[in-house]
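Two complexes, one shared chain (chain A), two partners (chain B, chain C).
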Partner chain A sequence: MKVLMIIPAYNEAENIAAVIRHLAAEAPEVDYVVVNDCSKDSTAAVCKENGFHLISLPINLGIGGGVQTGYLYALEKGYDIAVQFDGDGQHDAAYIKDLIAPIESGQADVVIGSRFVENKGFQSSAARRFGIRFLSGLIKLLCGVRVRDVTSGMRAVNRGMIEKFAQNYAQDYPEPEAILFSALAHARIMEVPVQMRERQGGTSSINLVRSMYYMVKVSIALMVARVSMRGECG
Partner chain B sequence: MSWMLRVILVLTSVMTCFWILRKIRKSQVRIEDSVFWLLFSLGLILLSLFPQLASWAANLIGVVSPVNFVFLSIIFVLMLKLFLLSIKTSQQEHKLQSFVQNYAIREKEKEDFHKMETGGGAGRPY
Partner chain C sequence: MTARLQFFLLSALGVYFILIFYLLTKKRINLKYTLLWLAFGVVMLVFAAFPQLLRICTEFVGVETPMNGLFAMLIFAVLVILMSLTAIVSKLNEKSKRIIQALALLEKRVRELEGKDGKGT
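Here is the complex of A and B:
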């Protein structure tokens, strides 16, 4: 099956080359595309110098718009599986085959790379883990599906979900909402254990001060999404 | 209502109406978008010319003071307008986003095509 890695990158000039090289070494059989979300640093220049596959957005769309661009590309180019993979070095390409396997065998439509199945590797701060647990509970409440690592940006989806995400993808903090969306669309969601690293350079786009606001906003967004999707997905 | 206040109200609403008309003409606002503001400013003129209208309507729905009725209805109308505007910006953002995404993908295709033509490696340039 044709697999496309979607690698959103915003101000990742320090990390992106290492991420792609690592990817090429670990998973040479998959295609990839870096979606540069109008970075202010030299991300685009680094990608061009190295000859990486690059889609460069002319204006900043935010993480949701960036990832969706990848899904649109995957849809147009006829990929069977799309894998989201962060451009900041948090994700380990060694797990790509684990993410893809359940989709190839037809066991699942959406596969989430989860830190909390085996609780190994970088686990994030206690406060953030609490937040993730809360969102996980909320999603369980809203659609009856339990996903532990709802904010994981490492995930694989099949062709059917590529089509859905290309049409409609949450914008601001899309990870939890995309899970809810998938569940309401009756996708079979599976978590596989992965280990993540701490960011290797630069700063995370979500700092701790904004976390409370993030929680409130995401919770409301999830509830609104639940209500407004009822008609479509039943 | 004092005679002075009425004159001020009438003058202000008429001037507002003219100002809106002029702005609409100069800034080439689409007619659909200007209809609301024309009606709104006409309403203001009507209210200032015939304040009995406000008293009558206030009486009708049981609001004690006509002024409160005027505030209530204007705030309500503006709130609806603001909400519609919010929907519109949202839609525009969505359209802009689709456009940007498609543009970026076309750009990539163009580049890939160019690379192939110049033989710069049709393979996988890791």
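Here is the complex of A and C:
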């Protein structure tokens, strides 16, 4: 099966080359594309110098708009599986085969790389884990599916979900919403254990000031998505 | 409502409609976004022309003076128009997102055709 890694990158000039080299070494059989979300630093220049596969957005769209561009590309090029993989060095390419195996064998439509199945590796701060647990509970309440690491940006989806995400994907902070959307579209969701690292350079897109906005926005978005998709999934 | 007040209300509405039609004829605004403005203008015009109707309506909803009823209606109309503006902005946001994505995909394709994309790995 044709596999595409979608690698969103915003201001990752320091990390992106190492991430792609590591990826090429660990998983040479998969294709990848970096989606540069109009970074203010030299992310695009670094990618071009190194001859990486690059989609460079002319205007900043936010992580969701960038990732969706990757899904549009996967759709256009006829990929069977798309894997989201952060460009900041938090994700380990060694887990890619674990992510795509359940899709290749037809066991799952969506596979989430989860820090909280085996609770190993970087676990994030207590406050963030509490937020993640809250959103996980909300998603369970809204669609009956338990996903522990709802904010994980490491995930693989099959062709059917590539088509759906190319149509409909939240523009900012999309990860929990995408899980609910998948569940309501009757996708089979599976979590596989992964370990993540702390970011190696650059700055995270979520700081303390934005956390409140994040929780409120995502919670409302989840409830709205549940109500507006009721008709489609009975 | 005094005759004086009625006169000034009708004059203000006249200016309101002239302004809308001026912007429309100059093509500074699209008619489809102006329909709400025109609809609320007509409602105001009816109430200004027939103050009795305004009194009946405001008494029915429990507002004591007709002018307060008029203010309440105006504020409601402004809120509805603001909501429609938010809806319009959101739609534009979605459209611009799609254009940006399509443009980025085309730009990648140009680099591919020039043989510049993905040489490294």
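Everything below uses one rule, namely that the second predicted complex is superposed on the first by the 234 of 234 C-alpha atoms of A that agree within 3 Å, B and C clash if a C-alpha of one lies under 4 Å from a C-alpha of the other, contacts with A are read in each partner's own complex, and residues count from 1 in each chain.
Going forward, contacts are C-beta pairs under 8 Å (C-beta built on N, C-alpha and C of every residue); 3 or more make two chains touch, one makes a residue touch a chain.
Treat the numbers as computed from the prediction; the structure is a model and nothing was measured.
Once the two complexes are laid over each other on the shared chain, residue contacts for A:Ile20 go to chain B and to chain C alike. In the superposition on chain A, A:Thr69 makes contact with both chain B and chain C. In the superposition on chain A, A:Val117 makes contact with neither chain B nor chain C. Of the two partner chains placed by the overlay, neither chain B nor chain C lies in contact with A:Val145.
Put simply, chain A uses residues 20-21, 24, 33, 35, 50-59, 61, 65, 68-69, 72-73, 76 to touch chain B in one complex and chain C in the other. Every residue of chain A that touches chain C in the complex is listed here, in rising order: 20-21, 24, 32-33, 35, 48, 50-59, 61, 65, 68-69, 72-73, 76, 171.
Residue ranges of chain B in contact with chain A, taken from their complex: 96-97, 100-105, 107-108, 121, 124-126. Chain contact summary for the complex, chain C toward chain A: residues 93, 96-97, 100-101, 103-105, 107-108, 111, 116-121.
The part of chain A that touches chain B in the complex is made up of residues 20-21, 24, 28, 31, 33, 35, 50-59, 61, 65, 68-69, 72-73, 76.
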